[in-house]
Amino acid sequence: MNELPQQLVNGLLLGSMYGLVAIGYTMVYGIVQLINFAHGEIFMTGAFGALTVYAYILPDGTSMAIALPLMLVGAVLVSVTVAVGAERFAYRPLRNAPRLAPLITAIGLSLALQQAVWAWYPEAKSARTFPEIPGGPFKLGDVTIQTGDIFLLIAAPISMAVLAYFVMKTRTGRGMQATAQDPDTAKLMGVNTDRIIVIAFALGAAFAAIGAVAYGLKYGQIDFRMGFILGLKAFTAAVLGGIGNIYGAMIGGVVLGIAETLATAYIADIPGMDKFGSQSWADVWAFVLLILVLLFRPQGLLGERVADRA
Amino acid sequence: MRQRSLIAITAALSAGALTLTACGSRDSGGDKGSDSGGTTVTIGVDAPLTGDLSALGLGIKNSVDLAAKTANKQKTVDGVTFKIVAKDDQAQPSAGQQNATALVADKTVLGVVGPLNSSVAESMQKVFDDAKLVEVSPANTNPALTQGTDWATTKKRPYTSYFRTATTDAIQGPFAAQYVFNDAKKKKVFVIDDKKTYGAGLAGTFTEEFKKLGGTVVGTEHINPDSKDFSAVATKVKNSGAEAVYYGGEYPQAGPLSKQIKAAGAKIPLIGGDGIYADDFIKLAGATATGDLATSVGAPVEELDSAKEFVANYKAAGYKEAYGAYGGYAYDSAWSIIEAVKKVVDDNGGKLPDDARAKITAATQNVSFDGVTGKVSFDEFGDATNKQLTVYAVENGAWKAVKSGTYSG
Amino acid sequence: MSGVGPIEPGEGTHAWDTHPAEPPAGTPAPPRTPPARLRRLLSDHRRAALAALTTVGLLAACALLYVTRPQEREPAIPEPPFPAQVVDVTYVGEHTVPPGTRPHTLAFEVLLSVDSGPPVTVTRVSQPYAGVSLTSAPRAPFRTKAGSARKIVVTMHVAECGKVPENAGLPFIDVTLRNKRAIQVQSFILGPRYAHDLSRALQVACSNDST
């Protein structure tokens, strides 16, 4: 049986999740040149927001058809609140400070959010189970797709399309583009840059929340540390795709996911490489790919030349 | 203005941090209310109290606490009051070593129970041995810790201050292999580990015995313990035609791994060691975990006569967390230190001698008592002489013992 | 932490010192009214408000933590003592096979002792390999009292050499034990000496088809 289609789908799913989170990194970076390392934790709080809706607000046994949209709302609500709060109370006071200050604040905030969930969310000291969509796996030839993955397969492209429309066609979206290109001029042109920045944080958080619900549905569990590694991977995806470019984030995510999956699946089959082929080496190969891409395209796959930003 | 808000934020954050500490520490205070006067002896505890493995670590901490309280109540050692100091190693060797250094520096610490992870133990052994401070682990199963790195050929004890009440992987892995091959009749396995000291060691001893029995290893894989996405591995397992998967590692990864393997369409059992024998494994692996197997050290605590009292006392003490897979062993570990202290104090006319640490280490070598897990004593390597182990299977959402063994080599 | 972006302002990037923290006054945008009011409230009584908020938040969190403490699950009621806990089986050594027995036969001596508790009956002795059958002398079932030990001769007959692992590291024999409280199958792993003797005996039995 041919393994390749299934592994490609595995990679695509993993990558779509990276992509959804990467959008938050890329948008915030594109507009304020801040690497929001707390974004992984914003993703994590979204997952707990969705769980809160399911476990503590909805009555037991609510069907997933009703629960899922409400969980999404809960996730987005929590993530956006945390992100906007972080922007307002942690990043905005530091906007005139040297670059390093907000970066370190972001790392501190990331730890604080992790520990807060660990300490205060009920039973979050170890992983909590996340509700799953009932129904058997779907088979398409050699490929098996889980019900939990269907959500991701639908949500990722739709979210992407909505975002593209928003950024390209709406007034606020054009304001964002303008702010990204040149904040001072944008401001002179009457763009309310503070508002744009808040919207960038909120949008990124909303996408992370969708990713977080997909994560919960896919793996059936969430924990307070889930955002850390995934956040790093998503950041890598954003850099791979060209940080600042929203399509780049999605494409970078998918490329990274597929690269990791194929490295796990096939490197070991290359003669002499069996030691370097296991999943524990997949990250190494993913980063080799990142370095190679950055060697030949320092701006990332879809990134614009940095000089354009002047 | 800007500065004021900064000050306010800093103040709020530090207030939060302080309150957090207060909240977190409210149950670790222990009772200092013993009015016997006399000397206070501290038993150090090192285990992962936070993070993935905290369910097991907190069970260890509570069980040691229970042992100390029981000794105080029964006045096991006249004129000596026991208290515990618990350190969190987060399952990280570096944190474990720092904790070991801190425990050595605390002069009242005369014995340490822990750690959970073999990899952490490796980083702590020398620190304790240099200070002649006795360390009794309730959970380390890597044979090299007591029998040296060449344990398979020449056994040589590396550190005389290290003891353990758990059975080693040298027995656990092969026992699992025998069960899988002979009882479960699986001839083709896929072996996965997490590359850590414990997981890789266990997978190694399993693989060796399984091949000797005539079984085939159809594939091997090492997973990244930080990841939760094992779909690529699961697809490989499915296409390998394996009849079972052996996983050397712990439940935070084993649960999702089991689930994803079954979701990929391979309806085969996952088998692991004591690291996956936890209720959380079943929670994480979900409904498809039925039929998964785990070997664990010792007879089930609930089945032992000597454990009745422990279970009842643990319940009466009102600990928040379950005693877990290692509770009984942690209690016995602590009790062996208490027995050693008793011996040393009795020999010295009711007082602690100046070189108490070295004397207690020597005394631990010769302790022998009826503990929670059966008779507790140590052989010339510091390993427990009582070597029982049990195969458990997941049935109706709970672990159920299916086969028990006694090692009498 | 890997991949930390540009730390110092680079080409075309610079610290945003040109932006006032407060948005320019007089830009009325309806959705911004509540934040504006909150901001004014905060700036007027910032310290008090923050302190109060923090206290309330922390109190609430502590209360939540207290209320939601996981309740200790009922531990299983302890089972009565099991025969396996009082029985010990140790390996004594090889036993000479009496002349005239079938070929491919090997025999070992083990010592079964009972420490305490009610008498234990051995109802069955077996071993796990598919190609080997096993008999014991005395023939099961037999009873052993507490405090006594009994020598048992275990005789194995190899029916099919192809199914026998010749070099297992940790072979065991399964003994079914029964006392007043329970019936239990316990595997007794007899240690490296047994493993060594068993492998050698199996190799001899299977290499020498003519005997």
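Per-chain numbering from 1; labels A, B and C assigned in written order.
Keep in mind that, in the parts below, a contact is a pair of C-beta atoms (placed from the backbone, for glycine too) under 8 Å apart; a residue touches a chain by one contact, two chains touch by 3 or more.
Since the structure is predicted, the reported quantities are computational estimates derived from the model, not experimental observations.
Asker: Using the touch definition from the top, how many steps at minimum link subunit B to subunit C?
Answerer: Counted as steps through touching chains, the separation is 1.
Asker: By mean C-alpha coordinates, which chain is most distant from subunit B?
Answerer: Taking each chain's C-alpha mean as its centre, the farthest from subunit B is A.
Asker: Could you grab the centroid distance between subunit B and subunit C? Build each centroid from C-alpha atoms only and quote it in angstrom.
Answerer: Roughly 10 Å separates the two chain centres.
Asker: From the mean C-alpha coordinate of subunit A to that of subunit C, what's the distance rounded to whole Å?
Answerer: 36
Asker: Any chance you could list the residues of subunit A touching two or more other chains?
Answerer: 93, 119
Asker: Considering subunit B alone, which of its residues make contact with at least two other chains?
Answerer: 2, 5, 9, 23 - these are the residues of subunit B that touch more than one other chain.
Asker: Going by the contact rule already set, what residues in subunit C reach two or more other chains?
Answerer: As it turns out, subunit C has residues touching two or more other chains at 21, 61, 65, 70.
Asker: So in the complex, which bits of subunit C are touching subunit B?
Answerer: 21, 43, 46-47, 50-51, 53-55, 58, 61-62, 65, 69-70, 72-73, 75-76, 78-82, 84-85, 88-91, 128-130, 163, 165, 167-172, 184-194
Asker: Touching subunit B in the complex: which residues of subunit A?
Answerer: The touching residues are 1, 3, 6-7, 10-11, 13-14, 89-90, 93, 112, 115, 118-119, 125-127, 129, 132, 137, 144, 146, 219-221, 223, 225-226, 229, 260-262, 264-265, 278-283.
Asker: Once bound in the complex, which stretches of subunit B touch subunit C?
Answerer: Those residues of subunit B that touch subunit C are 1-2, 4-5, 8-9, 11-12, 15-16, 19, 23, 171, 174-175, 177-178, 182-183, 208-209, 212-214, 299, 302-305, 307-308, 311-312, 314-315, 318-323, 374, 403-409.
Asker: Applying the document's contact rule, which stretches of subunit B touch subunit A when the two form their complex?
Answerer: Within the complex, subunit B contacts subunit A at residues 2, 5-6, 9, 13, 20, 23-24, 50-52, 54-55, 194-195, 220-224, 226-233, 235-236, 239, 252, 255-256, 259-260, 263-265, 280, 283-284, 286.
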